[in-house]
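You will see chain A twice below: alongside chain B first, and alongside chain C after that.
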Partner chain A sequence: MKKIEFIIRPFKLDEVKEALTAAGVHGMTITEVKGFGRQRGHKEIYRGAEYQVDFVAKVKIEVVCEDAITPAVVEAARAAAITGQVGDGKIFVLPVDDAMRIRTGETGEAAI
Partner chain B sequence: MERALSRIMTAAVAVLAQGFPGCVLAVGGFGLSQLSPGSDLDICLLRPPRLPAEDSGRWVQSIVYPLWDSGMQVDYSVRTLAETLELAAQDPKVLAGLLSARPIGPDPAGLFPELRQGVRRILTSAARRTFVQWIAETSPSGYACIEPDLKNSPGGLRHWHHLGWLAAAFPGREGARFLDLGVLAPDQVEALCAAAQTIRQVRCALHCTTQRRHDVFSAELQDAVAHRLGTSRPALSQRLEEAMARIRLARCAMVREVLGRIERKRRPPDRRCDGIRHTPGGLGFAEDPGAHPHLVLRLIETAAHTGIPPNFSAQGALLRLSARQAAELTPHLAVWLHDILHAPHGEAAFATLLDLGLLRVLFPELAPSLSVVPLDGWHRHPVGWHSLRCAMLLAQPQELLHAAPWLETLPTAPKDHLPLVWAGLLHDMGKPHPRHEVRGSILARRLLTRLGVAKADIATTTFLIAEHLTLFQVATQRDLNDPATIHAVAHKVQTPERLAALARLAVADAMATGPAAWNTWRSLLVEELCAKTARALQGRPLRAPSRDNLPQDFLREIPEPARERISSSDLRRMAELFARQRSTPQILHTLAWSVHDQDPRVWKCAVMAPDQPALFATLAGCFAIKGADILSAEIFTTREGTAMDLFVVRLPETDAAYFWPAFTEEARTSLADPHGLATRIAARRKSPLRRPSLPGPKPQVRLDAEKATLVVRASDRPGRLFDITWELALHGVNVQAAKIATHGDHIHDIFFLQQASHASWRLSSTLQPLLAAILRRLQTE
Partner chain C sequence: MDAADTGFVLMSAALVMFMTPGLALFYGGMVRAKNVLATLMQSFILLGLVSVLWAVVGYTLAFGTDVGGVIGALNHLLLAGVGGDAPEGWTLTIPPAAFMIFQCMFAVITPALITGAFAERMRFAPFLVFSGLWLVLVYCPMAHWVWGGGWMGAMGALDFAGGAVVHMCSAAAALAGCLVIGPRRGFGKEAHIPHNLPMTILGAGILWFGWFGFNAGSALAANAQAAMAFATTHFAAAAGALSWVAVEWRHRGRATTLGAVSGAVAGLVAITPAAGYVSVGASLVMGIAAGAVCYWAVLQKNRFGYDDALDVVGIHGVGGTLGALATGVFADFGEFRGLLAGNPTQLWIQLVSVVATWVFCFLMSYVLFKVIDATLGLRVSPEDETRGLDVNEHRETGYQW
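And now, the complex of A and B:
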């Protein structure tokens, strides 16, 4: 099993969600996050008043899926999230040792 | 269930306490026989003073340990009577506990009657005022919540207990029960008892549902609790809200009543003013409001300005206001409401309107939406309270602007607050309709028309209501880097004023909704959308250049066009130069860096110096005399009067390491003697070593007197820029800003001019001679 974290632009959430569902992902956790990568964040100036916008608003999607579908899930999300501009986000893939559904006690892939 | 539980636990404790030489007291909810399934047992063991300490310990073990072992949560204390009274005189919390105390089992030493007498003595002493003040401040009034804490939220059981404690401290009636005090009419007593009963019922059902002590009526549990009580969630929520409102109001009036009576000697007697009576218990009616309905508005208005709430009798009279009487008030309502929302205690006065249900009577159009409880995970308050919070944030915007300071940086502040405040109050009146913003704007139009609000204000208000979701929806669901997104919003709002008003409404709505709707993440997005939309409405580029890590003093000084036109990396270098210039402001400083594009001879050079006439011409001349070609230049002047120029130049075929120090030295010298520089340039032109120039097209010079701009197109020559700017300087014209560009062998320069004397261009007699002089220079090889 793999845990995949997608850091994407907020307005891409619906598209990515649909793409993940179509790729066989059954559940996901979504968090509103802020951060910066190479895009750096930015500062804006209006009417001479300067204020700092250090971080850029992003959405983080976390999913856990079977190893077999991981490449397809990653590719589907990437295709949905891409705009080609700086700031499109990141995808992280992490190994997962085990999982358990609290209600039933099922473990492993049956629990996801 | 409460009584049954209390009886069982009383019997159990009585059995365990058999033979105890002192007195076992049930205190708190146990003392009031109001135990819910998850309640703690609060017990006080009054021990005789001569009971040895080890014997006390044994009694604690025999009474408390079995209760703990059976899974009960027991809070206990062991004290002598004297210790208890001493502590009660010092600690209002202990005193409050003792007011609800009752003995369990025998009291062989007769401690309990002595305790009651002692408590009574405390309540007639100076400690009474401290006690009442503590009650007033312990749990301040607040907003109705969608997920109330049945014990600790405003109007919860804690407030109900406050009523009992305040009655016990009532001057002249010390130790009395609240319901026996006679300050309330019988129907008010009945309604209050029913309200407390409702809250206790819901609490019992909640404890039974969760199987533990859980006093927060969470959204996820509300259906199950309603089902357990044989009703529906919306009906139960409304009943609970009304019950808590009654208790909130009664507590507020009771605190005022008791404090007022304690301080009566220090206060003036009752005052009457315009049909309103100021009494110790709050504001009352001096005349029958049934016969004079306008007194209702006057009383609430007085409350909003003075912070004094209605007393018990006024509350009763307000509750009896009929729809017919309310209809008589219609012509005054718009102005009255506006006045209340802007008054210093407007929020509390408006909350009283909501708690009394008076808003439904005065504005029947609002009635269907006021009690809507949106269980969407976003809202913290029912619609009525949410709308009040939103309107208050807009009417008194300090908190709003503190939370979102960028609202003030939008180009235009809303001109008139009236439509904005109306929109805040009415924006959700379309709920629970699925398109409530559309429905709300229709209903608002009807209501505002009935109230006689001006047509222009109605139009703005209904626009704001119809679009109040737009900014957050677009900000979180659309691509803010897509110009089409921004232009669509700009098209919708049309003007900067409407954008500013809509932004304020959106932020106030989000803040009033709760932390899920208003957080830095969402603020960031909507801020970006508003800033870009504002720029689109002004016809400016959507994004200002990045300003990472630039010093504040530098940002303050540089003019806005510089921020717009100079790249972020160049600005950083200029900031570095600015810091140097600050340390020795009287001399010229330069900083050059290779652009390393295609041509290694192309460099950028920032120059800063105190501004003076012919400065730009001198710099251009210095480049010319050193053999460098100016490809482009941006010149600015800081607010302090420092010239801040950025040149792109092509160096002669010399080592840059030697060129730049030589240039800086030349510039510093020439600034002291610009005419000497002009003479040297003229001599250089006559040099036989000078490479002849090819003939170019006829130069074009255009001067726009309205815009104070000079546009020059001509073939490029060494020192060409110097020629133009020197001529301008000779005619007493300053170059305020300039954009210098070289395209192949041609120059295209734009100068933004200012006359040294600041005289009007129209009146100036220098224009034609200036144009002629520049043309002459450009045509001379």
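And now, the complex of A and C:
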């Protein structure tokens, strides 16, 4: 099993969600987050003074899926999230030792 | 006594009262979320503190029998003799109580204006001490000098609704305050960004609305001068909003909401001393000038390095000064004539009143701040400043998220 974290542009959330579902992902957790990479924030203007705002609003999606479909899930999400501009985000793939469905006690891939 | 005049002044007093919570919202939106309640409180509590002081001693110091042109006598202590019946020699057509309560609202909002300068770092207790002493030692003499039979009014200085008494006076105190208390932590290094501009915009709208009472009500009668003051007030605010936005659009490439409301307030401040004395055409010119000049003025604080957090000096100080001088240029109402109406002396008188107001209010406020800083301490600790004033000073938080 793999955990995949997607940091994406907030306006791309719907498209990425549809792409993940189509690729066989059954559930996800999302968080509104702030951060920066190469995009390095933006400028805001208050009474004529410019301020650098370093942290940009992004959405983080977390999913856990079977090893077999992981490459397809990553590629589907990338295709949905891309604009080609700096600031499109990142995808991280992490190994997962185990999982459990709380209601039934099922473990492993059966739990996801 | 005149029923229409009395009703008009009482309604105007209610409008001016509403400006103080309006100012609280205007300022409250501009600070960071952790200081929103402390900032609202510094305006709102003055409805309590200043009103009580006004009844006890403030009114009589400002409007008691003149003593040497500098202060009122104590003949109206605890509002003695300030009732429904006018005393002999009283020329107004409203009861003394109506005049007193209208003036009370001016006394409330003036020290509230100062709070923008030391926002986000002032302790509550020394703030209360300062505001009470400042009312008695600075505001009451100023109000007496201009409106209460003192030397400035006798000299012929024109201040229709408080360009000197309210705006320059509070701005001079604001400058003294931010110099004594010092800049906020991180000033110039980290961005202090407004946490809720919709709140600020609502506050500015309430200020604009209340200002009709402030300026038109200052005619103290429901007459032609009040109608003119109402109109000039509106047009100066409108022109100020447009002018500020136009200048910043050209300078920074965007029209901002904070710019629009700041320009409107700048226009309102500038027209205040002139409202009942100038034409609508002059009010448009003054509004345009105020929006552009005040935009430039607020940028200067970054150059000089003093942290006037919410730009009291840039908007109320510069706008008030501009308005007082422009009154000497554009005044043309009955016997009140300025430069363009063939009376250049008026501009000189206005200049004297401007300099005297700045010097007196700045020096008195500077000493007051210094004394309170040395005895009580004005400022929160660095750790408390980082945590925010709301939790430290009031044991509350503005938002639960």
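By our rule, the second predicted complex is superposed on the first by the 108 of 112 C-alpha atoms of A that agree within 3 Å, B and C clash if a C-alpha of one lies under 4 Å from a C-alpha of the other, contacts with A are read in each partner's own complex, and residues count from 1 in each chain.
Throughout what follows, a contact is a pair of C-beta atoms (placed from the backbone, for glycine too) under 8 Å apart; a residue touches a chain by one contact, two chains touch by 3 or more.
Only a predicted model underlies this, so the values are computations on that prediction, with no experimental measurement involved.
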| item | value |
| --- | --- |
| Touching partner for A:Gln85 - first (chain B), second (chain C), both, neither | first |
| Touching partner for A:Asp97 - first (chain B), second (chain C), both, neither | neither |
| Chain B or chain C, by number of chain A residues touched | B |
| Common ground on chain A, meaning residues reached by chain C in one complex and by chain B in the other | 44-51, 53 |
| For the chain B and chain A complex, residues of the former touching the latter | 405-406, 408-411, 476-481, 519-522, 524-525, 527-528, 531, 534, 544, 546-548, 550, 552, 555-556, 560, 563 |
| Touch list for chain C against partner chain A, complex | 191, 193-194, 248, 251-252, 254, 256, 258-259, 262, 295, 298-299, 302, 311 |
| In the complex, chain A residues that touch chain C | 44-53 |
| Chain B-facing residues of chain A, complex | 9-11, 13-14, 32-34, 40-51, 53, 55-57, 83, 85, 87 |
